Structures are given as C-alpha cells and as structure tokens.
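Structures follow.
Shared between the two complexes below is chain A, which pairs with chain B and chain C, respectively.
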Partner chain A sequence: MLSTIPKSWNVKLKPHLFCPGCGHGITFKQLGFAIDGLGIQKEITMGVDIGCSLLAWNFLDVPTIQTHHGRTTPLLVGYKLVKPKRIVISYMGDGAAWGIGLQNIIHAAYRNNPVTVIVINNENFAMTGGQSSYTTLPGTITPTSPVGKSPELGAGFKGPELIRNVAHKDAYIARTTVTNPIHLLSTLKKAILAQKENNNFALVEVLSICPTNWKTGAKASLDMAFEMEKTYPIGEVK
Partner chain B sequence: MAEKIFITGNEAAVRGAVDAGAKIMFGYPITPATEILEGWIAQTVTDKSLQYLQTEDEIAAGFGVLGAVLGGAKAFTASAGIGHVLLQDPVAMAENMRLPFVGIMMQRGGPSTGTVNFSQQEVNLAIHGGNGDSFRIVYSASNVEEMYSLVIKAFSAAWKYRFPTFVLGDGYLGKMKATVELKKLLKPVESKPILSESGAPTWLRNCFSSEEELNTLLNNHITDWEKNKNKIVESESFHTNDARYLVIAHGLVASATKETVLKMRHERIRIGLFRPITLNPFDGEALRTVARGAKHIFIVESAYGQLGTIAKAELAGHNIKAKISQISKPAEGFTPEEILKEIKKHNA
Partner chain C sequence: MIDTTKIILAGEGGQGIQTIAKVITEVAAEQGLDVSYIPVFGVEQRGTPSVAFIILSHEKIYYPRFDSADYAIILQKRAVASVLAYINKKTKVVFDSSTVSVRDLPDEAIHSFGIPATQIATEKFTPKAFNLIVAGKLSRVLNLDEDQVWQKIEKLLGKKFKTPEIKEKSRQAYLSGRKYIFELKDFSRPTFQPATGKIIIKNAEKTAQILPERCKGCGICIVKCPVGALKFSDTLGVFATPVPEIDLEKCIACGNCFRFCPDGAIAVEKNKKLK
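== the complex of A and B ==
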C-alpha cells in the first residue's frame, strides 16, 4: 500500500495548520518521508523559525524548539556543539534565511557547523500578509510593492549561490521545488546525510507556493512556481 | 582549605563560571568584557571538557547559549553596552520559555557606543530590556571576589529558578586585581537536557495563538517569581544600625562609598551604606529597615536615577520620613572623597 502519511508525523495534531495548498505541507510530507526512509526519527532535533514556519512547532513527532526570527540556526549551532550525535534541522522561510538571519546562516556555513537548514522560499512574508521579500521577483504586486516591485530593489535574492561562496567545499547546498516531490525528497535526504555522515553544513532552498497571499488557484500557483525556476535554478549549487 | 589567588575581575568571572560547572561559552569581543571570552578560551585549551564559540554577533552568542542549555549544558555569555542591547533578543526568549540563561555584563558608558570602561547605566536594560514583565535576576558585583561568588550564584539561581540571570560589573572591576578566595560549591545545581532525546518528544514554543494561553503561562511565571523572590534577594547593610545618613549605592560605587562611610564615621558622623546585591528582585524590606532611622538618604550612582527609581519605589508609601537626594554622575565614576563632598554639600 502506498504510504500517504509519514510515520514521523505527529498525527494527533493533524490536519496541520498551514493553509490549503501551502508548500509547507508538501515539504513536510517529503521531509517526513526522508526521515522515515533514513530511519533517523529518534536522532532528529528540529528547530522552527517565526512566520508560517512556527506553525510546525509540533508538526513532527520529534523534539522541536520554536525560536525567534532568523535565530533558529544559531540556536541549533549551540545545541549541536553540546549534542553532537543529534541530527539538527533548522527550518525557516526566506525572510529568516535571506533577510534578518542571513548573517547567522553565512557564518554557520562558513564555519561548516553540522546543521541542515531548510529554507522555504515562497517569495513573500506570508504570515504577515504577503509583503514583498528579497526573493520577490521584479514587477510583483504585494502590500509593500503596490505598483509592482521595482527592479531597482534587485532581481531576486539568490541565497544558496551566495552561501556557496563562503561555505566549506564539502557543504551540501541545493535548491529544489515543491512542484517536484521526488526531487524534493532526494534533496532533503542528501542534505540530512551531509550532516549525519560527514558532519557538514547543508542548506536546501525549497521553491514553494503561497496560494493565500499570491491569491492564485492551483494552476496559477504551479505556473508561478515554474516561473520562479527561471530565476532560481533547481539542483545542487556548485 | 579554600584556595586564594590574585586575579582580575574578568578572571574572577571566568573562574566563577568554571567552578559553577559551565561547559560552554558563546561570545563576541567587546570592551570591557573581552577578557572574559579570552580567559574562558584559555581554559578550554587545558580543560578539554570545556567548549567555546566566538560567534558572528551577540545575538548568535545568546541564541547559542539557549541551544546549549536546551541540550543540557551550563552555558553563558559575557558582553557590554550595545552588545548587551543585542542580547535582549535571546534573553526575551529565555524569559518567555523559562530557560536558564547567564550573562555577565561589564557595563560601559552609554547610550550608543559611549565610552569603553565604566558606567552603571545597564541596570534598566538588564532588568527591563525585554518585551515582557522583567522577570530577570540581576546581581551587581562590587569587588573582584564578589564577581567570582556572584557568577557562581548566578548559575545556581538561573538553573534553580529558571529566570534569565545577569551579573553586572564594569570595566574597572574587570581590570582591577585583588585576592580572591575560591569557595567552590560542593554540589553545583544539576543541568539536564530540556529538549527530550528519547521517549515522548518535547515541543517547545514561545508563540501562542490566544491571549488566554499566553496569560496563563505568564501567571505561572508571576506565581514562581513572587514565591521565590524573597529567597533570591540579597543586600548588605554597612554601618547602618545608628545611621542618621544613609547612602544607597551598588557595584563599584558602593565600594567607594564604604571608604566614605569609614572616613565620616572617623569624624563621628552617623552614616551608613545600603548596598543591594540583587537589583532585581530588590531587597526592599532590608532597605526600609535601615531607612527608618535615617533623616537623609543619598542615592549615589553612575547613571541618571536608574537605581534611584528602584529605591524610591521601594521606599514610597512606607512612612519613611527621610529626605531623599539623588547624586548622579552618568557614565562617570566616584572617588570616596567626591561622595563625601557631595554628602557634605547637603549639610551632613
């Protein structure tokens, strides 16, 4: 029988709190399967950031700490130093990773702290109502870019490519998308194994969808997700 | 027999942390607290059970402390001034989640970058620097030996009561050298992992979806605070039995005041000193006891009324008849002679 709910999910608290169609739910499904597949549920400690990510504070059946905006990674860096055998997953959105917490991510990557960072890039500040983010593409209308985001504000922030420049050579850095669950699953597994087997820093940016704030239906959400890939290419960042 | 060594205040802070059972320090260099980070790192070279991380900023240092604490290690940081400001982000989380946190703050002049050595201007910040109701334990060290003993005490209090705990010092205290008697604890408070590693998982959060949920949590904090604050408060009353003049001062200013008191006592002036050792919670009962006999109270501090506000609130409404004068020199130190002159200006 095809498994539909990962064993590592905290099933008592389902249905989950994410909006219908949200990419977080899709990501957590594959993250759950990755943890199940590697047989490491008992080894995982999870940290979740602020914004929509915090809705996952009890999503998985693993010890979890919800932190402050952008601070999940430095907290887990500290945790991992005293608990080197735990596999730590730092879960956040693009605001946390590429905005307020960027300095902390850069330095964790630079020091090669063995932490697996998962960044959900849905191109907006979703919890606060869809404001423009660093990853929002030029021309996009949001509450903080009412006439379309000016190209002068940047062409789209490529976080993984930035991190690649300072990270340890063996750090695993990749981008995947919720539109391709098979690729999403294999990428998450590699990012966890980079920490578990080689004690390396790992970062996965997941191109995600936000139907609520994008105000898009199923097809338009997917179309936009495919459009994102033109700016943010899928695959390992080398 | 207790060991005696000749060390600086910053070295005393490091020895205190080691003797309290701290296992890891996170820090970012800032004058005048840098020597605590350097001193701790030097310890890690010889003692392989100790770790450190020099972080990219104070925010990462504070959250690193919280991560290590969640893993069950006694951890701490040291900072000053604007670094202390940045630390308020993780300390607010510690206050919400009742995570033990120890920070040694060597006050420097402010606001902003200010000066690098001395002030008593981080009292408000340590107590009220969060977006909550200020459930933080704040000690103020007045000499090198006390820097050692209060750091040990801070770890015990933080782990026992689960309120974030600060030890305040300053750059002069950090750099001055004195003989310290090392009184190691026979049984330091135990530290256990807060995040589970087996069995049912712990899910911890600091964000709540209803006013009632958060209010319930805060009411528990209030109950714990009120229940324990009398066990936490500490103060010293120096020559206060017959004192007609009473000085209230803390930290290094209180040490200078002790000399003033002794000089004035030599002139047969009945003066005493009340020195809060904990600034929060505050030993109001002890203060009122010594204040009742006084006709003139002087609050002396290197800040514009930060201690004064606390002390005056503790004295208000208790039928204390003494006149109260505030003597403030924000970000500047006092010599015993200056304090004496200031008091005499007021006809003592």
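== the complex of A and C ==
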C-alpha cells in the first residue's frame, strides 16, 4: 500500500499545526523516516521547546514533553539518567537553542551527555511574527529591521561552530538543510546512532524555510535557503 | 436613527479581520463619526481567534468596551466561543455560511444572516478576496460611501495587489459583496467544504496518491518536480488552497514531491511487477 507519510507520524492528528510550506514538516518527515529505518519508535522520547517547535507536541506517535527556553536538553539529560535505555531527542528552534537556552546545550556538549539535539534554524523568531534574531543574515528585512538588519549586529550566529570549541571529543556535531532531504535523513540517522550506540552527545542544526514570515513563495523560499548555505556551511562541523 | 452602532468582528488570524475593522473605522472617522476600535489577537501567526471591537457613534465615545453588540460578524467556527458573551437577542449575527453552520451559533442569535463569502470568492474571484465580500456588505449596511471604502482598501492592501488583474478581481469581489442581498435559506449545513478522501491516479507503470485533506497548497512539490509533471488543479485542500494534480505521462517517479512535501499529502510509486 502506497503511504504518503512515515509510520511513526501520528496520523490521527494530521494535518499538523504548522504553516503551509513549513520546514518543520520537511524535517519531521525525514526524522520519521530515520526512526522508521532504525526501528526505534518504541524507544524514543521527544522533548519540544518554546516557539514554533512546540506545535510539534503531537507530531510523532511517541511520548513527548514540552518545556521552555532551552531547558528541554537538561530535562532530557535527567530523564536519560533515570532511563538509560530510552533514546531522547531534544527538538527546538534557533531562538531557544542559540539565544535564551544556550547555556544548556553548552554544558550538555561539554559533559558529553547522551542526548540528540535538533535545532531548526529559520533565521527569525517565527511564532511571534518573524522578528530579527541572531541568526538573521545582515540586510534581511524583518518587522524589527525595516531597512534591513545592520551588519553591526552580527553576521549570523554560528551555533555548532561555537559548541565545537567546548564539546567533548566524541560529540557529533553537524549542520544540514531542508533543501537536501537525503542529506538531512543521513545526518539525523547518524545523530541518533551517536547516542544509541556510542552514548555520545549529538547536535544537528537544520537550515529551514519560513514562507509565512519571509513572505516568499515556494521557489523564493528554497532559493533563500540556498543563500543561507553560504553563511552556514553544510556538513559535519565536528 | 440609531446614534451608536456597536460591532464585533470575529474570525481566525490571517483572515483579514483587523483589515476589515481598520477600513470600516477609518472611513467612518473620515465621515465625521466618532469611532473606537480595539483589536484582540494573540502573538501567534495563525490558528487562533482574532476579534475586533468597533463602536461608531454620532456622539462622543467615553468608553471603548461594550457588553452587547448590535452586529456580530463571525467568519470562523472556532471564533464563536470568543464572542458568545456579546450576543443577545437583539444582535444581528452575520456569518460566513460557506464555512460556519447556523447550528454552531448560540441560541441567542435569533437574527442570523448567512453570506456564503468563501464560496462566492472561490467560484467567481480569488479565494483570498472573501474578506472583501464581507467588508463590502458591512460597509453597505453601515451606509459608508462606496468609493471611499474602496480607496481605503486600496491604500491598506495596495501592496498585496501585485497585478492589475488581482486588483480588478478584488474590486469586483468588494462590489459583489456590496450588492449581496441576504436570502432566506437553510444554513444548517456549510455550503463549502474542502475535498476529502484520496485522489489515486494509476497507469501501467506508476501509482500516484494525493490527499487534499492534508494539502495546504504551499507549492513546494511543483517547484521541486524536475520534469514539470505537477501543477495546481481546481480541487481545494484544507486551507481552501488549490491542490496539485499530476501528469503521470511526464512523471519519472523520482520521489522528490514525496520527499519534500511538509504535510505528507503526496506520494508516487512505481508499480511492483507481477511475476
């Protein structure tokens, strides 16, 4: 039978809550395939953070917990200490990961806690209306930067490169993009296996698209995601 | 003549509730009325109720809130709960009969009038123009000048009219809303519902499956198709946006649409050969 979705998706609650063309949906599709491919749906516990990522609280048919402001990672670290056989996935946006909750990821990476962190980088604070964030590229027009973001405010925050400097030597850190689902799938699989087989910290940053807040159509959104790859290079950071 | 008119507009974020409210209040203010307009909505981009409280008055307005509305305009089923407290037996309730059933309205709504705005907009104009139909009818009811209202719409929505064609269609939608006459009909069932079920297309080599109940019309599959086998059709999906249709003669079953679709609404597969 031909199926349009991965088996691990929660079919009853579809269509999901994300906007049309959202990069979260593309990421979750590949995450679903990664979970299906590894056959670990019954071992997964998800944690979602504040922002658009919390709309994923019923996305996969797995136990899910929601906390605020980057504390998903330490929460799941504690969960993993109690239940070492579970595989924990901490799912958040760039606001939670690189802004308000940065210290949590730094220490989890430093201690090499076995947790897989997936960070969706869509270059803005999407849920509150697309305001300029640290990952916004200079010159981008947003509601809080009406003439384009000033280059003085930074050239784009490179989270994985920062974490690389403090992370344990065995940690897996990579960046991928929704414009290349095959690379996305293989990276997510590696990140889950790093935790499952070697008990290592894994961090994946996914460059995503946000047609609602970028105010772009399908083609322009994907083109803009290709532009992002010049600032945020794709591949394994460590 | 009634000196004060109290209006409540309710719908969902993204439907244009606040735009209609701005048009009405600004035109009324230009005509010399005293106006008050309070928008109420959350920080979310879509999916939450958006409500506008409007008062138009020939006298001075001392307090902008009110406890019972003269007109309640309801454009979305989920928004009914947020206006329950403001509807009494004298309130004239206008609802989008293409998506809201009269059964969804509270018992107090004795004077309820349906206007199938979504259906008219989709069939005759563009689906997005449905709020202009409502704005047209409301401005007529409130005796606001036809040209003045259109000029205000043009000013507020000018950027969204990317081509003269869209602008003309929007104007036609607005005028048709102005001319619309409420009918006595059975409004117990919404006249417009998005397509449901599965669209399965088969030929000797391939099988394609499209689910309109999941498709949100983002168009990523069309952009990502390497051979141009996909294009928008007339079928409508969950957000009343067009659903793609597939030309299996051109399709090479590469699976790109399936891989990219964020909503899990499309899949193409090569048929298994029987031995």
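The criterion applied here is as follows: the second predicted complex is superposed on the first by the 235 of 238 C-alpha atoms of A that agree within 3 Å, B and C clash if a C-alpha of one lies under 4 Å from a C-alpha of the other, contacts with A are read in each partner's own complex, and residues count from 1 in each chain.
We take it that a residue touches a chain if its C-beta (ideal position, glycine included) is under 8 Å from a C-beta of that chain, and two chains touch if they have at least 3 such contacts.
The structure presented is a predicted model; accordingly, all values stated were derived computationally and were not measured.
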Report task. Label the relationship between chain B and chain C on chain A in the superposed model as either fit or clash. Result -> fit
Query raised in the report: Of the two partner chains, chain B (first) and chain C (second), which one does A:Leu81 touch, if any: first, second, both, or neither?
Result: first
Query - chain B versus chain C as contact partner of A:Gly23, first or second or both or neither - result: second
Requested in this report: Have a look at where A:Val62 lands relative to chain B and chain C in the superposition and call it first, second, both or neither.
Outcome: first
Query raised in the report: First (chain B), second (chain C), both or neither: which does A:Met224 touch?
Result: neither
Report task. Answer with first, second, both or neither: which of chain B and chain C does A:Arg71 touch in the superposed model? Result -> first
Query raised in the report: Looking at the overlay, what does A:Val115 touch: chain B (first), chain C (second), both, or neither?
Result: neither
Report task. Name the contact category of A:Met127: first (chain B only), second (chain C only), both, or neither. Result -> second
Requested in this report: After superposing the two complexes, find the smallest distance in angstrom between C-alpha atoms of chain B and C-alpha atoms of chain C.
Outcome: 7
Requested in this report: Mind sorting out which residues of chain A both chain B and chain C touch, each in its own complex?
Outcome: none
**Report entry** List of chain A residues in touch with chain C within their complex
**Finding:** 2-6, 9, 14-26, 28-30, 126-129, 181-182, 211-213, 217-219, 221-222
Report task. Would you pull the chain A residues touching chain B in the complex into a rising list? Result -> 10, 42, 45, 50, 54, 57-58, 61-68, 71, 74-83, 86, 103-104, 106-107
Requested in this report: Note which residues of chain C are touching chain A in the complex, please.
Outcome: 43-47, 207, 209, 211, 213-214, 216-220, 222-224, 238-239, 241, 258-267, 269
Report task. Could you please specify the touching residues of chain B with respect to chain A in the complex? Result -> 23-24, 26, 51, 53, 55-57, 59-60, 63-68, 70-73, 75, 89-90, 92-93, 193, 195-198, 201-207
